[in-house]
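Here is the structure we will look at.
Chains: A, B, C and D, in written order; residue numbering restarts at 1 for each.
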Amino acid sequence: MPLTVTLWSIGALLGVGALGIALASNAAASRVVYGLCFGLSIILFVAAVVPRSAVALTASFPLGLPWIGAHFRLDVLSAFFLAIVNLGGAAASLYAIGYGAHEKHPSRILPFFPVFLAGMNLVILADDAFAFLVAWEFMSLSSWALVMAHHHDAENRRAGVVYLLMASFGTAALLMAFGLLAGSVGGYSFADIRDATHGPSWKSGLVLALVLLGAGSKAGLVPLHIWLPLAHPAAPSHVSALMSGVMTKVAIYGFIRIVFDLLGPPEFWWSMPPLTLGAITAMLGILSATIQSDLKKLLAYSTIENIGIVFVALGLALAFKANGMALPAGLAFTAALFHVFNHSLFKSLLFFGAGAVLNATGERDIERLGGLIHFMPRTAFLFLGACVAISALPPLNGFVSEWLVFQAILLSPSLPQWSLKLLVPAVGVALALSASLCAGCFVRAFGIAFLGRARSTAAKSAQETDLWSLSAMSGLLGLCLLAGLIPSYLIDTITPAAKAFVGGHMPTQGGIPWLSIVPIAESRSSYNGLLVFLFIVFSAFFAALIVRVLGSNASRRGPAWGCGYPDPGTAAQYTGSSFAQPIRRTLGNVAFVARDHLEMPPPGDTRPARFGVEIHDRVWDGVYTPILRAVDFCAGQLDRTHFLTIQGYLGLVFATLVALLLVIAIWP
Amino acid sequence: MALIYDLAAQSTQMILVLSLAPLLLGFTRKVKARLLRRRGPSIFQPYRDLLRLMRKEVVLADNASWLFRSAPYLIFAATWVAAALVPTFATGLMFSWSADLIVITALLGSVRFVLALAGMDVGTSFGGIGSSREMMFASLAEPAMITIVFVVALIAGSTQLSEIAFHMLSHVELRVSYGLALIGLVIVAIAENGRIPVDNPATHLELTMVHEAMVLEYSGRHLAVIELAAALKLLLYVSLIACIFAPWGLAPHGADLRAMTFGAAAYVAKVAVGGFLLAFFEISTAKMRVFRVPDFLGAALMLGLLGTLLRFVSGSF
Amino acid sequence: MENLSFDVAHLLAGGLVLVSFTLLYQNRMTGLINIFTLHAIVLSLSVAWQAYSQHAPHLYLTAAIAVLFKAVIIPLSLQRIMVRLRIHRDIEVVGGVGMTMLLGICLVALSLVVMLPATAAADPLAREDLAFALSVVLLGLLMMVTRRNAISQVIGFMSLENGLILAATGAKGMPLVVEISVAFSVLIAFIVIGIFLFRIRERFDTVDIQELDRVRGGRR
Amino acid sequence: MNIPAFEPVDALLIVPALSAVILAFLSGYRLTSYVNFVSSGVAFFFACALLFHRPAAGNYLFVDDLNVVFVVLSTFIGFTTSAYSASYIGHEIETGKLSPAHVRFYHAMYQSMMFAMNLALLANNIGLMWVAVEFATLTTVLMVGIYRTPEALEAAWKYFILGSVGIALALFGTILVYMSAEPVLGEGYDAMVWTSLMQHAPAFSPRLLNVAFVFLMLGYGTKVGLVPMHAWLPDAHAEGPTPISAVLSGLLLNVALYAVLRFKMLLAANTAAIAPGPLMIALGLASLIFAGFMLYRRDDIKRLFAYSSIEHMGIITFAFGMGGPLANFAGLLHMTMHSLTKSAIFFAVGHIAQVKGTQKLANIRGLTESHPVLGWALVAGVMAIAGLPPFGVFMSEFLVVSSTFARQPLLAIPLAFGLLVAFGALLMRLIELAFGEPSESIGEVEASVVPLYFHLALVLLVGLWLEPHVAAWFQNVAASLG
């Protein structure tokens, strides 16, 4: 029954897409379309979370490959991810009811937005390789169309090229992976693949590599992440939120589905690529985020960081599962899914905030913002909440998942393999490093954009955003708070998935007094967000009370003190790049080559001194530039054959003929 | 009955740390002065300062926002809670299980987060400089702290401070990783509290200052609360070191009043020693340039990592 | 008798290869055309002999077409075109005559190596024929590749086609030979008398194909 | 000599031939294009009739599962293209690019070309098939040269020379096949008739067959447009009238491919002979990768898609070379989808060239904004040809790549590489063409876009839902291909 409802509403989403084409010219179109999307997403969400028996529901249609058909399956994992996708979808639609009103060319967005939602849902439901890949590419294509919505900007066009190329690369990789899994007989349905006996370990290793390439390129795993910071900012903000907050999660779903489910029992070394890549991704992602001045680019890079964290957790789960340590495996797996959920919440919220700022000021560059906390206080508050959450600070939800990951790491000394013994601590340090850098990054983002004084007239004239957007954002923040204060319920909802995919799960959290969570045992570690939160609130009020009793309440406004220097005007504020400079200097060169140019005119010269920073992305320079060069070179060399004389062409044919005849002549 | 007893013990600890914090500050200053052959202010001077600040009116910068005004209380509250969760005279207090060592670290992280934002709120160049440097130091100090937590947790098999203290008490043994963790923790403590050689709490108009730069715009009661929070933080780290590496005299869970008073006495003694050592260290070193600090903290990080690796490679639990 | 028929067929086929070589050797236009006429005559003779020895009357028709068309009409028209278009009399050869001759010998060797073992089953007459035919084809192709102007290319193509006809007639009792040869003649007619030289004549002073290639202004 | 009973097979030949003769004498482009359209429709109708009624194989003509696929496909595309060419030619006359005399000639040639292709597909006799292909070459050459511009003539001349050489090689191969069959089947027709050849293939002399296949592969491969015999293809596509480009890509290449397939089956049936697969795989991969790289430097929109045709012919040849039910099915499907999609793209390109007044990529910008109908159609078409779902090409490429990777990973990697390289080029071009600031245009679309959207709709339909009967039909064709 839930599956039927789900499929019907997905069909309805496609219908809404068609409606979008029809209504495109109409003024009220956007409200109608987004409203419908909101309703359908809510239905899908409910259908996903409504309690069911543990057995998976399946359905199949005579579509796709004729002799296989299209299979759909709703099991615990897909239900969890469906909930995430449609929660994000609902939030984005609600936000877009208000946000979409500012869109210049709705006709380039309305048809694709519902289709994009439908595509993501289909990926999660697909139960055979063909349907999976079709849905996967469907998702990529529709989001690509959305990225190309503002196509007059050359930067966006470039983003479109890079995005779709990387997406197709990923699809090709997944396609080969499925080819290996299905074997030459072509048993493409996941059921067949599960039943199939799995070949030698090199084969499964190859599949793992291909899946890392395929899912990783979609999720933004280093070094396949380059499209992400280009494409996510290019799209309209509610779409960026979906791409960053939700689509990357779909990619992670793909990874889990193939590696934990289809690929059979893991071997311990499978865990090493995800662990290593995850750690590297987290570090590079957050370091690059810290130096961005484009708010949406910054958010995109931070998405990359979070993806890295998730992959680390999944790698741990693999390692534990391979060694038959059910309980730790369950812990790591739960941590991964928990973080997936959290990130989908606060990343969407952050992009919504960025979109609100973009609408209010027309600026994405934080260097030209500032003081927005005065002009759009509600947005500022919600954005701040999301910043706290993503910086993994208690008592919000980001901390809980990161805490669980650390707990899982603390269990890993009992892993027998030496390689893992050496790898895991390093990964743990990388995680800690990225977490603290993340805090710095978001202090910078919020502090420069929302605090201080307005750096441009655009920022001065900003207005608070509309109620639709605010309600969407508040809803998300509320969920962040809930997930942070009483995580036990969420953990218990993940439990069945963990049981099904890694064989173990955390102890049931429901019964524990005071709603606190206990990963393994009370004596090892426990955390109670609610209590900590209440404590802080209580003691804050207590302190305020004491001060009120003992001290004076007198206060007056005056010019800023600033060590007695007269107010030097807004330009003298600390800028984003100067804020990032210490980190750029100390850690930056891990991720990129940053060179500072200081041009100091000689004494007596009245020119202003100039300071500039040029930043080279190591990944881009190291991996992609050579590839592009090679392709261009080959194209250039081969292109000469286009200008031969007819003799030249005849010569080619002649040579081929003679060569083949020689082969025939010497053939035994 | 037992509940009330536990509650009492817990609240005693909260009051204790709150009242002891300024004293530690004053004591350290006094010792420093003495070591420098000065008389120095009385060790109760910090209390007086706090009271005077509270009575003064607050001068808010023109574009200070609600964040600026609420930040001090948040900072104070979070620090206080964190400090109250570290066993001082007794382990296994009522709420100690509601947060483990990682949570305490993270709570301090939130404090820093709010403080850095408050520093940027008014929009002067000093606040920004302070925040940016604070975050840079934190970006190394926090992972260092986490690695130290790893070491300790891997030794004790738990991240619960009470459990750790208990474990340390029960099997006293010398391990290399202890030493590494201790040194690392001391370095982190110095950096986090902005003491010499990382920062100089006694100066105000110096462009290398960090913590003082962030709170530059604060005045009156706000400043008072922040200063108190800073004092609490210092005490927290001292008692943390004491609880992990010198857990002697800690009263076990549900101990009677005598044990507790004994524990309290022992605690005060430990704090005094800590304060003395701190003062001695501070007068014997000079402040370092800002961009040398990362190396200083990096050392802590490396020590922590080394310890963790040792623990991973040698025994499992 | 059987023996004689074999010898004659062998002689004629070999002669055809020989004439192909002389075609390769030629570097003057008139000479080229005359030699080609000889080529066609030898072909028609061998076809006729095949018709006789295979008792296949329809092959006489093929032979007749060959004589009439290739030995009379084509050479004449080529002469006319040459005169009309004032094509200069000598031919550029890519990489020199000696080189081409050497290549040609290698090609003949190759075709023998390929064909003789392949046709072990067939009767000796067919074998020899086929081997020679293949070498004529390859030589024709070689000529097309190495000659620079259109007429010599056309001649190369026609000699190639002669080789094909030789093979077709050599194949015992192959049907449709006549049709095929007719179709081919049409093809050649198209090339030779055909619209193209005239069209090209309209626009270029020469039918040197490099001129044609120059038209392509870097179009991609 | 008794008159045989009326057969749709004969109709397929008679109708085009007759209308070719008629069209040669009619004038006035409305009438002639109408006649052209109608007769193509009738031919398509009879082709469909073949699905239900198969005549017995004769000495000259026969019908089996394999060539029915080709016949239906080619008559269908001939039909839609005639519909498209009606409006296209109209525009060419208004702009004075073509004189009425030329148009008469054009239509006559169109029909005779259809005749030649049907003959080539239906021929049961390798000699007859050869003659038909040669005739098709002649007609297409004449149509490529129809604009009389130096470029057009040069393209036609190049096509003519290379095509003739190819044809000659193919003939030699044909003779060799006869020679190898003659000892078994005796002199006369039997040794040239497909049906009997297929039956007795195992007994033929393998070595002779090997040599024969080399010649046939190169000869007919020239007309398939396989690298390195491809040189004629881009110019011929670019310089001829657009309907002819569509027909060349959609039909002629398939017809040549059909010939190759037939001989491949012959060789595959003879176990002693060298397996034909590797040669086809090699040529296919070469074409795919080569064309993929060539796409980058093109500046003429029709040449761009001509090279993409080479690329896809490479994929199809590769698939058939791999063999096996999956790969063969994929090859057939891919061929069908490519014909539909590519002709659709050429329809769109023709309109674009007319509204923008140029074929230069550099001067065509922002189509989705200036001409949404065309622009989005082009986007859809290129997405489809690039093998993105939900279009049919994806299904075939999915099968090719995955089945290859399961059997020969080392072959699948260059395959996927070539696909990606080509996709990169197409994508860059597409984004320049369809997005950004629109370039100035000289007209609006007055020609009909129905055939264009009809093809795309078909491709989309197949991508989502392949009709079971069609699937079953393709499957047993694939099985018969071995």
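Everything that follows uses one rule, which is that contacts are C-beta pairs under 8 Å (C-beta built on N, C-alpha and C of every residue); 3 or more make two chains touch, one makes a residue touch a chain.
Please read these numbers as outputs of a predicted model, since none were measured by experiment.
Look at the CA centroids: the one farthest from the centroid of subunit A belongs to C. With each centre defined as the average position of its C-alpha atoms, the distance from subunit A to subunit D rounds to 44 Å. Subunit B and subunit D have Cα centroids separated by 79 Å.
The centroid of the Cα atoms in subunit B and the matching centroid in subunit C are 100 Å apart. Measuring from the averaged C-alpha position of subunit A to that of subunit B gives a distance of 35 Å.
Across the assembly, subunit D contributes residues 157, 161, 165, 207, 210-211, 297 that each touch 2 or more other chains. None of the residues of subunit B touches two or more other chains. Touching of two or more other chains is recorded for residues 639, 642, 646, 650, 653, 657, 661, 664 of subunit A. Counting only pairs that meet the touch rule, the chains in contact are A-B, A-C, A-D, C-D.
Every residue of subunit C that touches subunit D in the complex is listed here, in rising order: 114-115, 117-122, 126, 130, 133-134, 137, 141, 144, 153, 157, 160-161, 163-164, 167-168, 171-176, 179-180, 183-184, 186-187, 190-191, 195-196, 199-200, 203, 209, 212-213, 215-216, 219-220. On the subunit A side of its complex with subunit B, the touching residues are 370-371, 373-374, 377, 384, 388, 391-394, 399, 403, 406-407, 409-410, 412-414, 418, 421-422, 424-426, 428-429, 432-433, 435-437, 439-440, 443-444, 446-448, 451-453, 514, 516, 522-528, 531-532, 535-544, 547, 550-552, 554-563, 568, 570, 572-575, 578-583, 585-587. Interface residues of subunit B facing subunit A in the complex, by the touch rule stated above, are 51, 53-63, 65-67, 73-74, 76-78, 80-81, 84, 95, 97-100, 102-103, 106-107, 109-110, 112-113, 116-117, 120-129, 131-133, 135-136, 138-143, 146-147, 150, 153-154, 157-160, 163, 204-205, 216-217, 219-221, 224-225, 290-291, 294, 301, 304-305, 308-309, 311-313, 315-317.
Residues of subunit A touching subunit D in their complex: 62-67, 129-130, 133-134, 137-138, 141, 148, 151-152, 154, 157, 160-161, 164-165, 168-169, 172, 175-176, 178-180, 182-184, 186, 188, 206, 631-632, 634-636, 638-639, 641-642, 644, 646, 649-650, 652-653, 655-657, 660-661, 664, 667.
On subunit A, the positions that touch subunit C within their shared complex are 639, 642-643, 645-647, 650-651, 653-654, 657-658, 661-662, 664-665.
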